[in-house]
Amino acid sequence: MLQTAFNGLVTGIIVTLPALAVTLLFGVLKFPNFAVGSMMTLAAYLVFALNVQLGWPLVISTAVVAVAFGGLLIAIDYVTFKPLRERGSITLMVASLGLGFVLENIARLAYGNTARSFAIELARPFRFLDIRMNREQMITIVVSTLAMLAMYFLLTRMPIGRAMRAVADNPALALVRGIESPRIIRWTWFIAGMLLAVGGVLIGMDRALEPPMGSSYLVAVFAAAILGGLGSPLGAFIGALVIGIVSELATLVIPPNYRIGIPLCVIALILIFRPQGLFGQPYIRK
Amino acid sequence: MKKLTRRKVLKRLGAAAALPIAAPFLNLAHAQGASIPIGVALPFTGNAGAYGPDMAEAAKRTAAKINSAGGILGGRKLELFIEDSESSASVAANLSQKFINVHKCQALVGYWGTPEGMSSRPIAVQNKVVLMVSSAANAITEGDTQGYVWRFQMKATDWGIVIGRAVQRLGFKNIGIMGLQNAFVLPIMKTVEDQMKTAGRTVTGSLIYNPEQPSYRAEVERIFGKKPEAVCCFGLLPDFVSIMKEVYRGGFDSKVIALSIMADAEGKFIEAVGPQVAEGIRHFQPMPDTSAPGYKKFLKLMGAPDDRVYLFPPNTHDQIAVVAMAMEKAKSPMAVDWSKQIIPVCNGPGQNIDDVVDALKLIRAGKPVNFSGAGSTCDFTPNGDQLGRGMGHWIIQGGKNVFVEYAKP
Amino acid sequence: MSDILVIKELHAGYGEGDILKGIDITLPAGRVVTIIGPNGSGKSTLLKTLAGLLLARRGDIVLKEQSLRDLSPPRRVRAGLSYVPQEYNIFRNLTVLENLKIAREFMADRKMRGGTAISDELIELFPELPGKFKARAGNLSGGQRQMLAFACALTVHPEVLMLDEPSAGLSPKYMTDIFDTVKKVNARGVSVLMVEQNAIEALRISDTCVVMANGHVRLTALANQVLEMKDLHSLYLGDAKEEAVAS
């Protein structure tokens, strides 16, 4: 029970970074980006290229890819979403589905369907309070927590973070307060790219690298973001932890292969009873 | 190898150039000398992409051997149309349509994997064309195939029998079983589970997991957490890599029994997880009897060293050979006729023979034969399931696959 | 006295058809101009078009000799035109202090960005705000929100301040405070263009009154003249007779 809860916590923590990226992107761009899964996959393979094929240390590879990936997403936005920006969120959502398909298959084309791993030594677990923990789980917890703190600092203490929250809250008002939305959109993609790159590496460490690795998390990521309230960074964090722990604990009573249904049920319940999520606010339509 | 391909291409070009000139004088389509088209769908890309090239080479060399000995049906040559199935059900189905409608093939061979076989089966039956697959799922030959579907591979249930027996012989008293939700894995799981129970052993837990799950932590916890002496895990490479990382990092010590397509996969498993995680895993895979004379002959045909183990190419060789023999025996290139001659040439009774050219000579002389192939003894049940193929058993030690034994169901 | 803001023949609207059908208004520097008129006459649409949220289809907007027509909303703010919308005029998820900071952080002009987010001048104008800096802006009362929105618009030191119904939905106490504040701001040299329903209170602090109806300017007159008119209420209820006030 305790072990399962801990496993759930780790699963949830892995989901926090992509859920935060989803919620930031939704806040600023007002469409659900279903390409986040494949974006994580692609970033993980880029890190694989540096880490395994060029032999760079994993930390450096991740840092380099995180920054480059932020830039890449700005470029991707420029060619895919920017021309469609005025067409409404449904068009953008469909475009993101197509983009996800393309990105995943780029990874597949380059590296095939076989499973791969980063160049890190796997270690046996250690015990704490009779709970088995391993090094990758510790790395995941530490890295995600640091990333969350950095995001908290960015969003509350830095002008660009405040501006992202402002645009998410009320885009028209942001314009008349002198905030240039194209610049904020670029920053949002950049930050989302960094979060997704790190998230992709954490997922790749946790399991094997394969083309569907990122999209397999899509349901959990969106459940977390919707539970927390799309557009609410704190909500995404808490939503991810809840989804992770609830889905793992559910395996104590239901067959494990049905646990993929748990996030779907959460999405359904939230949309019926509290569409704005735990920490979101009703969306202004003006 | 390159040279041979180029020569083949040149030859085919030459034939194509000759056609329009010859056409006015000869009605080629019905002439004695017209070639016999055979569709060959093999995985060159996709998750089984590693297996395609050797299988293609086996097909080419087998056809070349038959052709250089004079072909069949009074000098007609076999002409292969080799295409990439991309390890995909839908691509394989499209290829089958193309082979039948464009190339007028009466024999479809290759078809590695259950998805490719399942998607092409109805097409073959409907068009009354023979389909020869290397797929394991029981469903491939279940129901009425009208004698058009032939499996050149062990049936999944038979895999379970061999693995279950090995697990008992290794002395494990209690085991856990986990398997991928998949038409090919489920019969293996069920057979192993039933065998353990009838042998009075304990199955501590059994579960099915989905493909492409985000993580397998809960599954590993559930099965390995009960600390069985051994765990049988049946699935594919990607999920097995994730599962074994979880098992190692979770500190579990149960022995692991798997399939070679998961735990070997041409070395990709050890490459992905490293030797420490892979240590001690036992894995099983249907394979030819490497001591059989038919297999040794096949190695010579391939120009390969004596200790080379080919898993699937011998089946491709046997498929082409059986097509040729059955056509010769039926004296017809039409599948409606020769599909009925597959069992007579393969199961006998008749003279035991393992060389296709020799067998063709005997058939032409009107003598009965009992063919044994490179991949198996080539015996079939009336519904098209292959008998007489066995499984290899390996153990990973120090990052290497060490051969343990060969066993038949 | 020079004119700081000149609106010439302005046409704008949503979808087909114009809501503004050729508006001409002039704001002399340092003055307060109040626009009144019935609902649907295009008052708020005019301010949105001036702020750049709506595209001007024809005509021009000139601020200090510079045409704003092709500038984005943020550039218009930088040019010196600041706007307080009627509703949703603060960022609800940000604190009061964050609202004030964000209003000036993206100004290219150093003069606007310099100093602290909340100057002594602003504290003097809005004495209630400093006690609420940490509060989430969404939790403020209606009057406090209006004050915050007002303060945000002023923190960039605009030349012209546009207010869209600043007293809407406020208690009488806040209403008085708001108009007092407008007056103080104007006294410091900021020209004000205001849309108001509470015409009498607004006109008391205004120099000029513009009456709009149906997308047109029906009347431009001195505020005190309009205040003296007997049928004042009919002007913003919509049945004003142009000839009755032709002066």
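Observations
Note that the chains take the letters A, B and C in the order they are written out, and that residue 1 is the start of every chain.
The rule is simple: a contact is a pair of C-beta atoms (placed from the backbone, for glycine too) under 8 Å apart; a residue touches a chain by one contact, two chains touch by 3 or more.
Values in this document were obtained by computation on a predicted structure and should not be read as measured data.
Contacts between chains trace an open chain of neighbours here, each touching only the next in line.
A comparison of C-alpha centroids places A closest to the centre of the full protein.
Among all pairs of chains, A-B has the largest number of C-beta pairs in contact. In whole angstrom, the spacing between the mean C-alpha positions of subunit A and subunit B is 41.
Chain geometry summary: the mean Cα position of subunit B and that of subunit C are 79 Å apart. If you check the complex, the residues on subunit B that touch subunit A are 45-47, 49, 87, 181, 207-210, 212-219, 221-222, 225, 237-238, 240-242, 245-246, 248-251, 265, 268-269, 271-274, 276-277.
Subunit C meets subunit A in the complex at residues 51-53, 72-74, 77-78, 82-83, 85, 87-94, 98, 101-107, 138, 152, 156.
Touching subunit C in their complex are the following residues of subunit A: 156, 159, 162-163, 165-166, 168-170, 172-180, 281, 284, 286. The touching residues of subunit A, when paired with subunit B in their complex, are 3-4, 7, 10-11, 14, 112-117, 121-125, 132, 134-137, 203, 206-208, 210, 212, 215-217, 220, 248, 251, 255-257, 259-260.
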